[in-house]
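Here it is: the structure, laid out below.
Residue numbering begins at 1 within each chain, and the chains themselves are lettered A, B and C in the order written.
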Amino acid sequence: MIILQTDRLSIAFGGLWAVDEVSVAIEAGQVFSIIGPNGSGKTTLFNLMSGIYTPDDGSIRLAGEIVTGLAPDQLARRGLSRTFQNPQVFSQMSTLENVMVGRHRHERTGFLADLLHWPSVARQNYVTRDAALAALAHVGLADFYDRPAGSLAYGALKRLEIARALASEPTVLLLDEPAAGCNPVETQEIDGVIRFLVKGGITIVLVEHDMRLVMNISDRIHVLASGRTLTEGTADEVRSNAAVVQTYLGDSQETLRALD
Amino acid sequence: MNVRTLDNRLLPAIVIAAIFVTLPIFFPSAYYFRIGALVFMSALAVVGLNLLMGFAGQVSLGHAGFLGIGAYSVAIGPVHFGLPSWLSLFGGAILSGTIAFLVGRPILRLKGHYLAVATLGFGILVAIVLTNEANWTGGPDGMSVPKLVLFSWQVRKSEVWYWIAGTTLIGGMVLALNLKESPTGRALQAIHDSEIAASVLGIDVTQKKLTIFVTSAVYASVAGSYLALFNGHVTPDSAGFLRSIELVTMVVLGGMGSIVGSLVGAAMLVVLPQVLTIFHEYEQALLGLILMVFMIFLRRGIVPSVAATFVGLRK
Amino acid sequence: MAELLQFVFSGLTVGAIYALVALGFTLIYKASDIINFAQGEFVMLGGMTAVFLTLGGISLPLAALVAVIATTIIGLALHRLAIEPAHGASPVTLIMITIGASLFLRGIAQIIFDRRFHSLPPLLAGDPIKIGGAAILPQSLVVLASAVVIVTLLWVFIDRTLLGKAVIATAANRLAARLIGVDTRRIVDFSFAVSAAIGASAGILITPIALTSYDVGTLLALKGFAAAMLGGIGSAPGAVAGGLLIGLFEALAAGYLSSSYKDAVAFLIILAVLIFIPQGLFGRAKIERV
């Protein structure tokens, strides 16, 4: 079943088409990666898919429903969540509280009840906290539950964001360069977390520069260049595609090696 | 796992209540009750503003506008419509909430200094209207406020206002503390740190901001009504720019986001001019200086800084 | 028709002052991203200092010069003592610091000077000049001419000198400017100093017409800010246009609608601009990159 698809999605900034007629169809339960050199429009595409930008042309469908132009919170309530390249962590709150916020769309108390602290609120707090602790455990951060989130190491911040997104029980999770700035050990941890998420039935859409991670984990890869689709296929198909290697020529040795 | 219990949620309010109840033992005269009442009334407005600024991270440089609406409601209601004061107080609160809702919708979309200036503009517009509509408001000189009548008793004495204001403040604090440990409170604090992250987790940022803006307006309105009923007189200055900045300074002094800090900030800015009457001339300069010094060097405010020192000492 | 012309004259005159205040805002904003609420106090300090110096027996030209220099020094002090120590603070924190500074300056002014209204002898004395049935004071012409001169000088300076280019570079991208050797701290110093000087000059120019007192600063700052926003914050020609427009709207509103709500015009404009066209008339809409 196609869970997320875009149809000729386009957006221009000041006359330049940052994303130009990009169409993708993502199957449920897949790990779908979007790659391309810098400036190819990957993050812009992500921002379009997560409702942060509104496209100038084209449409987006989530589980068959047209969601073009919906705001991020509306998409979140329909089961689509995302993480950010620069972790957008709630630094004044504890690690646990960060993940508790992830439970928001499943919490059932209203403003008045919260203000007056009805018994339902105390119960909700306990339920939320337990679910958040579980999510933290899944990414290996359970021991840091009461640390201020701003004090965590970079790799931990990335896992925290994932735990937070996980807590919202999404159907589709967009991961924006989860391995960016991570050392090989941390990248390996991210790999493990992603596999765990997929086992839980979540569809993962990945934007990533780390080619080794991408090749290891992706079911399908979509290659962008200058805002347009270059090609799409399995890891093997993509890495042996001459045009793909061409666009990455001039890129780091590591990337090219991973493409071999 | 030693997770902090949710039961000490109300601890700050309990401590304040204990102080509130025992303090009168030390009061040598009615004057002290008067000061106490004034502090509690200001603190109520500050708690509301703190919900907006400290929790949700928004800024309002025009909050005295709602103080003014509440204050004039208990003047206009009885004088022009013959309504009892307590009903006018409720009416004022509802009016403030409604205006906050209507004004907040477009304004809260703005960020940072744009929001600051928009709220500033709003506050001053309220003050201008109150100054100009002399038929209703008595113009620049203001109007007198009939005393509150409760169960056919005229509420006049400072002692009674001390208890009324203190109880209301503690009630307001309890509500604020409740909010902190709740889904709404967490959503607000999330909005403070990263609106975009909050939004991708399903939080309707605009709606939450609006809710807290309306709530803080109601707090301010009630505080304004109390002050007017207590003082017996209102002027447009109660909604003016200086008053708004005073409120913000109280928030900053006490500590943004600190409920207890609201009381500390209010106490300092109400008590200090009373104690240092010779400094009356320097009041404005001093206010400006305090605001500057705290925003440059002690941005966290008194209560959080003191708390952090204690935590640091313990280690 | 004569009436309309009259309103236009008075509107443009006071609008020229708003334009100068707005220009001061814009200059500081461009160099440092700060909204300086003490801008109005610069105008007040210029006028009041000149007044008290002349009351002390000093000739008007010398008093004016000293007033401008003194205010410039205060502007520099504001940057070095209040803004710089708070480097890295959020925009709102910085606004609050400048609001605090504005209150402080106002409070000190009421002690050092007094709380009354004061005037200065006009630069060009004489009877009002009749044009098309309306009358305009010679001093008004001085105000308008001076505003043109100041704006032109500033424009020439920014456009034609190396320091001016450095200001533009700092405004465009602070880090990049520093990387190519621009001392951005000096540039911000400079912007505060020039804004203070412009403000003080405006204060001295308008006092013969509109009087001055210790608390004229607040309203001026707010209206000047409204003008800057209307024109598009960060746009110097926008600031000038915005100032003149607000002056005009005020005068027309006072004349045809209600004089007591004159002051409300600027605030209604602020709200309308922020809500409907936040980038102002000449500004460019900012695209946020996540």
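The rule is short, and it goes like this: a contact is a pair of C-beta atoms (placed from the backbone, for glycine too) under 8 Å apart; a residue touches a chain by one contact, two chains touch by 3 or more.
What you see is a predicted model; the values in this text were computed from it and never measured.
Asker: If you average the C-alpha positions per chain, which one ends up nearest the average over all of them?
Answerer: Chain closest to the assembly's C-alpha mean: B.
Asker: If you average the CA coordinates per chain, which chain's centre is most distant from that of chain A?
Answerer: It is C.
Asker: For chain B versus chain C, what separation do you get between their C-alpha means, in angstrom?
Answerer: For chain B versus chain C, the centre distance works out to 33 Å.
Asker: With chain centres taken as the means of their Cα atoms, state the distance from chain A to chain B in Å.
Answerer: Centre separation, chain A to chain B: 41 Å.
Asker: Distance between chain A and chain C based on Cα centroids, please, to the nearest Å.
Answerer: Here the centre of chain C sits 48 Å away from the centre of chain A.
Asker: Which chain C residues sit where two or more other chains touch them?
Answerer: Correct list: 290.
Asker: Touching at least two other chains at once: which residues of chain A meet that condition?
Answerer: 52, 84
Asker: For chain B, write out the residues touching at least two other chains, lowest number first.
Answerer: 196
Asker: Mind pulling up the chain B residues that touch chain C in the complex?
Answerer: 59, 61, 106-107, 110, 112-114, 116-118, 120-122, 124-125, 128-129, 131-132, 196, 241-242, 245, 248-249, 252, 281-292, 295-297, 299
Asker: Looking at the complex, which residues from chain A come into contact with chain B?
Answerer: Going through chain A, the ones touching chain B are 50, 52, 71-73, 75-77, 81-82, 84, 88-93, 96-97, 100-102, 104-105, 107, 109, 111, 114-117, 121-122, 124-125, 128-129, 133, 145-146, 161, 164-165, 168.
Asker: Once bound in the complex, which stretches of chain C touch chain B?
Answerer: Within the complex, chain C contacts chain B at residues 35, 82, 85-86, 89-93, 95-97, 99-108, 110-111, 218, 222, 225-226, 229, 258, 260-261, 263-264, 267-268, 270-271, 274-275, 278, 290.
Asker: Using the touch definition from the top, list the residues of chain B that touch chain A in their complex.
Answerer: 1, 3-4, 6, 9, 175, 178-179, 181-187, 189-190, 192-194, 196-205, 211, 215
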